[in-house]
């Protein structure tokens, strides 16, 4: 990764990122799956709830992935079933990031009591294993999409609080913040102009990792029967629905499994690739 | 902790005195440790509130679930009264907490067996599974992690790393389903697909039932651990003291085994603790796939059945376990890190955790950009 | 399934009809297809699924798979015959008076419990009073609603007289009592002294996991049962059980889900025993809520259903079309009412007449299993009549929770049980789970009369008229009866088609072929 010494230009982080093979691969994979999920419904030959074939009908020319437990066209459902996976995992990861960062920064800034209280409560939540927490909340409040999304966000937020507080503590003590404070800049401005940009990269990397987790957790919930409720088409739900037919009509399970795996893989590669490249840039620039 | 058993009214002054006395002679980490211990007790207490409240807020109630859809309302009312579910929530909590303190977790509403008895068997099974996973995953991750670090960026390293990402990204239950199809049904028929443990025998005496669940969990867990060991080993090999040792002409083998590996293992302690935590809670899916009679399966069933005493008992024990594991990992980290062991004051609540978490998640060491 | 306790069958009264006094100490020969004879010895393993319930061993309040274990542990005064009619078991004779308010029951001689004590009238009285004890809170006590508990009388060591309120006779005592009427000794305890008179005695019980039983040599059917040991394994997951079956970890999987049949039929090691039963499936319309307070809408919905498609898709062909009535095997069932068929034109006309010409939105609440699948299929069918049915799936605990009888439109159904028992559960005058809120004074009167009418021909007239009322203005859209499938290893004999749906439950009839 040696660069000609003459290049004194400001490094362009975006270009650096795209130069890394892992990032490119992860990005392409993620974009492809997301595009498949978002545009898929437009190309579905049938409505996801149409009963067009026999139960667990095998793949044929008309139905490349066969039919499912009640006679839906699996291909149409695979095309239609990505939207919920994509938006639910994205929104829950973003929610966790936003709420967690806000609390983490608050803790780092406020110090003392507020800090201790926040940290202590993240301890409480971290002592609950993720899935148990989600199971309890979902069976308590129901399985509407937004409840599941919120619950997953709640499960992930304490981790973000820890992370953002830690980074912010490191930054808060640095000279430029102290200088800004001495110059009498308002705190909000310091927060948004100085601190947030410098902690953005690790948080975005964490967002990508949470996305992978969210995909796993949402499909795991659906697998246990606590996820999205039928008749909606949803990749996680499809695994659950057609699991009884796994040995008869495996395509009905493997279609969604493959897409979930690819989506998780893509986001994971992307997040880690970005993480690796940015830390390399940091090493160079320091 | 004999000082803690003398009753709450003496606790604080006693502690202060102890702290003062210890500051002179005792290790510097002791106040930190006591603080952590108390905070852990607080966490468990708050969680017991939350769990109690949450289980009570679950829609429907155990009486109804047990008696089934055919039961008339007056029968349900009778059972609710018998179970004490009609009393005020606070009273129920105080009763329950009192019982728990005296070591009694109550009776399962569903099967009318004492919760402690029911849980003992399931926890033993889960623990066996966890240890089996640990026995497979830890050595594997350790050996492979060190090997990869020593050959970093080689073809071998890159190949292993990129294939390992698969197991990390693909949800664990998918791995489980695939293993079942390969080893017990569709391809080979050599391993039992369902773990029908004979409750009369301890789980470790029935290893044939442990293989597939262990493999499923170990594949998911070892990946994280492997990356953690590799990253911290690389960091150790790049550190100044290794460079210094090289300059002094210390043989490479000695550098690796006497200097690098011990230092690289400290983050691994936190990694091990994280693995246990994940297994404690996250084995639910694997246990459901293999019908393994562990704590995850039991909890899943208890939630569906609204078996309140069982849910409360399990969650309480799991959280106590998690808190204890965290504490143990932190203590070991402190004791093994000279800088922390001798520090006059430990500022971080959980030294080493953040670094390990970062290594675990991203394969990169924790670092604040400077 | 706790609901799987009983089966549809005739109201044949033991003691009144000589044909059914063949119970008692007779040897049943359970012949396999190839005429082989039962052999003694060996072990059998059942894999049962009961949701997540760990279950118990209580004879009178069976919970979860406790009902299944009850078949091994307990014997009753009557038992279900293969034809789904009650036949005498521990009882030698059962007589009822003219208005069904007084039953006299005599036990066989020299019957024994697992612990060696002789079964006496005291034990029968103890068992009956325990079942109906309000403190036990058994959900099944209510079916003996008019029992005069304080006046149950011991006539001699083997004879008991059981009285019912005047005007509220219970001709269906056998059906209403048998399934949860295990006879237990007076020193019975459901946890510490689990003793009955069933074919197998308890060896060990781990809730939610497995229970083991050993042969009871003094079982009241001589020569039976056949196995040395019976194991009942609890599964929470259908796929897990299927895999255990394939891997040879269990021998019998009762109540196989329909989607697994094709797979098992292709496997030469197993036989799938399909039993035609009265298990019924319905959509329940709440008569107290719009739009179903209008009889035209109810009729329209009943005409929307394409019952053939529902049977083909939801039951995978393993069943028959139903005519909005339950218990077709009951001897009093009215077979003269013409079968309803899909008629979209008429349905659309009725909906228009009821003021829903511009379409209608209805939420169909369901919980899981066949009901959920039926809801999806019906939603598609309703579209054709301009009705937009939104399926909403909720957890079982919510479906049967406090709101269980308040859904406007929900899926329903129950197991194979005779008419007079089913009507008490679903839409009769004392029904517990009256989800349709069907209350018709004439219907209630007919049911009460039928319950006190021991004469079959007279009862048939009463039930026939009641069913006409149900068919015309009731709230249930009963679209099908399903078969019950049991997957059985070819090495196991004695599992034969069974009107009750209990083919795979009869632990006293089955045996292993490979025993030398």
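Letters A, B and C name the chains as they come in the text, with residue numbers starting at 1 for each one.
FYI, a contact is a pair of C-beta atoms (placed from the backbone, for glycine too) under 8 Å apart; a residue touches a chain by one contact, two chains touch by 3 or more.
Just so it is clear, the model here is predicted, and its values are computed rather than measured.
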item	value
Chain centroid nearest the full-protein CA centroid	B
Comparison of A-C and A-B by number of C-beta pairs in contact, larger one	A-B
Euclidean distance of C-alpha centroids - subunit B vs subunit C, Å	44
Subunit A and subunit C, separation of their C-alpha mean positions in angstrom	47
Centre-of-Cα separation between subunit B and subunit A, whole angstrom	23
Overlap residues in subunit B, where contacts from two or more other chains coincide	58-59, 185, 288, 300, 304
Shared-contact residues (touching 2 or more other chains) in subunit A	139, 142, 243, 246-247
Shared interface positions of subunit C, touching two or more other chains	395, 397-398
Touching residues on subunit B, where the partner in the complex is subunit C	58-60, 64-72, 75-76, 78-79, 82, 108, 110-113, 118, 121, 180, 184-185, 189, 192-194, 196-200, 288-291, 293, 297-298, 300-302, 304-307
Subunit C partner contacts - residues on subunit A that touch it in the complex	49-51, 55-56, 69-71, 139, 142-143, 225, 229-231, 243-248
In the complex with subunit A, residue positions of subunit C that touch it	238-239, 242, 257, 259-260, 262-263, 313-314, 316, 368, 372-373, 376-377, 379-380, 391-395, 397-398
List of subunit C residues in touch with subunit B within their complex	2-3, 51-56, 61, 63-64, 134-135, 137-142, 190-191, 204, 206-210, 233, 235-237, 240-241, 243-244, 246-247, 249-250, 395-398, 400-402, 404, 425, 432-433
Subunit A-facing residues of subunit B, complex	39, 42-44, 46-47, 50-51, 54-55, 57-59, 165-166, 168-174, 177, 181, 185-186, 277-278, 280-282, 284-285, 288, 299-300, 303-304, 311, 315, 318-319, 322-323, 326, 349, 354, 357, 361-364, 366-370
